[in-house]
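Note that the chains take the letters A, B, C and D in the order they are written out, and that residue 1 is the start of every chain.
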Amino acid sequence: MSLDDLYTDFILSHSNSSPHKGTLEDADLREEARNLSCGDELEIFMALDDGRISHVRFDGHGCAISVASASVMAQLLEGKEILRAREIVRSFLGLFSDDEVVDETLLDDAVVLKQVKRFPMRVKCVTLAWHAVEGMLKDLE
Amino acid sequence: MSLDDLYTDFILSHSNSSPHKGTLEDADLREEARNLSCGDELEIFMALDDGRISHVRFDGHGCAISVASASVMAQLLEGKEILRAREIVRSFLGLFSDDEVVDETLLDDAVVLKQVKRFPMRVKCVTLAWHAVEGMLKDLE
Amino acid sequence: MPLSNDSGVSLARIKEDFPVFHEYPGLVYLDNAATTHKPDTVINALVSFYTRENSNVHRAVHRLAERATVLFEDARRAVADFVNAVPEQVVFTKGTTESLNLLAYSLSLSEEFKTFIAPQFEHHSNFVPWQQMSRRFGREFIPLEINGAELELDTLERVISNRKNGFVLAVSGLTNSTGFKLPIRQVVDMVHKSGGIIVIDGAQLIPHEPFDFEDSMVDFLAFSAHKMLGPTGIGALVGKRELLERLPPFAFGGEMIDRVDLHDTTFASIPQKFEAGTPNIAGATGFLAAIDYLNGLNRTIVAEHIERLTSLCHEELSSIPGLRILSPEKSHGIVSFVHESVHPHDLAEFLSQNFDVAIRSGHHCAQPQMKGLGIRSSCRASFYIYNTVEDVEVLAKGIRNAVRWFG
Amino acid sequence: MPLSNDSGVSLARIKEDFPVFHEYPGLVYLDNAATTHKPDTVINALVSFYTRENSNVHRAVHRLAERATVLFEDARRAVADFVNAVPEQVVFTKGTTESLNLLAYSLSLSEEFKTFIAPQFEHHSNFVPWQQMSRRFGREFIPLEINGAELELDTLERVISNRKNGFVLAVSGLTNSTGFKLPIRQVVDMVHKSGGIIVIDGAQLIPHEPFDFEDSMVDFLAFSAHKMLGPTGIGALVGKRELLERLPPFAFGGEMIDRVDLHDTTFASIPQKFEAGTPNIAGATGFLAAIDYLNGLNRTIVAEHIERLTSLCHEELSSIPGLRILSPEKSHGIVSFVHESVHPHDLAEFLSQNFDVAIRSGHHCAQPQMKGLGIRSSCRASFYIYNTVEDVEVLAKGIRNAVRWFG
């Protein structure tokens, strides 16, 4: 396993500068994603507009993997209908579970993150933001 | 290690029929010796006469080793002065401790029991009655 | 001989997998209820762990830590599969005793259970924790009366029917002192109907027969690796998920926490909530290897084999004059006995020295059971997968010799 | 190199005794505070036990049981000798965490101690038990303020002087998150003068330097075998005899009882009183082998060697721009640090994948200490007897590379 397997340019660029990093003043939804064993805490903000996700931002402190994954997620979910977003999140989390069959076409760029599955200690990092969003979306009845 | 090392005729004859087995109606001292992990319980009776041990008896339930050892002890202590009896008991118990130098001449026949030291699980058996008597004699200020 | 497993390996050749029998070819080991021997795969698993994966778990991201963590969780999954539970339901402990103490303590802190009940034939590890926690936490303790070596369902019914409050019945699936086998299905029904929960001490049962935790409806199950080919220092507590989630933790420290503040702490989810400190990681890998070994055998055939040895032993011993068998007629894997003229310790020592037969003598950590049988101690022969018909024959011959010698 | 032990063996050649370094010749293992590797003598001790002695202890009279019992008690004696205590003072546990929980629980049940005090830099295993038992049993808990990574004696003095009631100070001899070394002698004096007792968490200290329990006047000492070359799943609690005798037991079951009646139980004498159930017997024989290995080294030279590596590490790392060292200047065996632009997990992962360097990243089971330092997590390099100057150099080089890569 070479380094580039995990820390690809893709991950580095997303983690070093993400257009989705920041807060959202008029967010409709807010959620904290915490990975206490890493000390990581991300805050996810979401604005909704007529059944769609209009804006996603994240802020806080995390490793390259968790931050890159949050960035990719924000990019992917913006503009999607809530129902569709739920499917996407389910598919992404399915990448890291043994028994789920995943429709990877929903995931676009995010699919490259599935390589993290080979680094079991980092699965928590790559799914951190996604678990938070899963909860946010579930709460919308 | 052959069987005869532990279950000698000496032990078998003492355990199968001991002249000292029984109770003592007019005992001056009585003590229970218990080895709960074996379920063994012996009762030791002692009669004193003018600073001497006049009679020793034991009764109860025990394995061949503990019973033989009680019998040998009774035989050895009867007729001895209390001070002397204390020395004998200390010497006998010393046989089974690593750091004590023992005057074996005090022990007469009982010295053959020191072979039990090679059977560490049985040291509790061979010293059972002796520990009880040690306590009885100590109580005589 | 019909004794072969799936892959056609004769049970008679199982001894070859156990280094201890290479070391002592004449050894007749009949103290399996105390602890079993280990096949080379289990020993090799320990060597392999310390050579190739050794690291702490769950905490670091470096290569060894990653491998150790994966292996440790594989072990949890294997234990779960073995009794048909899911990994989250499996708490690793030091052994049955720790599992039961953890539970007795945690159930005492919960307000739901006012009464702890344990039959008088229980191993001290499944008797004293309930007795003592009752005293400490003001619960009621009921030592359930037994008839000889058996629990009668009438007795149980009388004690648990019409209870107003939640209670816990803690009982062995198979008793270690005599090999009495509990009719688990019936007992579970009775307990649940009366509003209680049931804790099965599986220290003897789990090594001997397939057990389906999910299907059994049992609330908790405890067992030890070392009695089923695995290493010492590791065991499991398996519990219903909702109970494990509800109960407070037992020990505190690394691994089991979520957030630690100066004056309060939140805890990890199950099963970590109950696992404080560095676990016995190597032990878990050995446990995994032991389960793999057992899974490689046809367990029905193994159970039949052990039953055959047990009933042969009953037969052989009952023809020895002066010998009293304490085990129920249909005991499993265990035969306990006393002889009227030879003290159990002397008999065990004689057998070891002259016939290289290892049996256990004493109270078997079951003093109330000994009292119930009107004795102080007994001898116990207990069988496992590697024992043979010849082992039973040597035992019987040895006892006859001993009786003559001491007689 | 002056690094040789009594028998003239160069410390540089110690790695040869550790199979893991044969398996991974390039491994730079700097996660020793989490767990150390095992020399072949320790691994062989386990194999030998399972091949030649395997049996339960204290209970049976047959040959294997006798040998296992003698070996187990030899291990206890070796542990006792290692810290200058007597065997009766040594309770075998699963590890430091169990030792500390046992103690916190037992001291809570005793009415003598009204207050538990632990510095905020403690490992969760020496913090959460005291915090939580205080809540459960209505004791006062004082999380002692720290200054960065250090405990100032003034702070301690302020908190413990003029106490009316008995208290317990639980404190690490050497902290695992930064390597701060407690001035034990002074602290013991202060505590005793104020009428308290002191519990030393020796998980990090005991592996690193000779400790004389008798002479130290410390009341209790806890440590784990796996952090000092021994197996997982075994550790010790050493205590003053009169305290051990006075305290109530923690767990109940086989081995720890004297007489079990239906409604009450009397307990065995120390140390068995605190050891319920089948102990980790094989683990104890491995612990014995680990202590033998350490005894075969010149421990003063080893301590100096580790100090040299630690200060070299301080030196190397402090010249890396953006890197902040969290350990006190004179830390022992441990150097903790963060880099302003690389997350600890990324740094640890990078080092493992590119340089085969194993360090630990995270909160090191010391969340209050992390808060005290104003961080969420850190990297930690920790040294043991087999580490070399080259190991430190590879670490420094790797960090410089990582900073460039992520930068």
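Assume contacts are C-beta pairs under 8 Å (C-beta built on N, C-alpha and C of every residue); 3 or more make two chains touch, one makes a residue touch a chain.
Everything numeric here is computed off the predicted structure, so don't read it as measured data.
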Neighbouring chains common to subunit A and subunit D, by label: C
Most widely separated chain from subunit D, with each centre as the mean of CA atoms: B
Between subunit B and subunit C, centroid-to-centroid distance (C-alpha), Å: 39
Euclidean distance of C-alpha centroids - subunit C vs subunit D, Å: 31
Averaged-CA centre spacing for the pair subunit C and subunit A, given as whole angstrom: 46
Separation of mean Cα positions, subunit B and subunit A [Å, integer]: 79
Residue list for subunit C, restricted to those that touch at least two other chains: 59-61, 65, 259, 345, 349, 353, 361-362, 367
Subunit A, residues touching no fewer than two other chains: 36-37, 119, 122
Touching residues (chain side subunit D, partner subunit C) in the complex: 19-20, 22-23, 27, 29, 31, 34-35, 37-38, 42-43, 46-47, 50-52, 54-56, 59-65, 94-98, 100-101, 104, 109, 120, 123-129, 131-132, 135-136, 141, 143, 224, 226, 231-234, 251-255, 257, 259-265, 276-283, 345, 348-349, 351-353, 356-362, 365, 367-368
Residues of subunit D touching subunit B in the complex: 58-61, 65-66, 69-70, 258-259
Touch list for subunit A against partner subunit C, complex: 36-37, 119-122
Subunit B to subunit C touching residues, read off their complex: 1-3, 5-7, 12, 36-41, 61-65, 119, 122, 125
Subunit A contact footprint on subunit D (complex, rising order): 343-346, 349-350, 353-354, 361-363, 367, 370, 375-377, 405-406
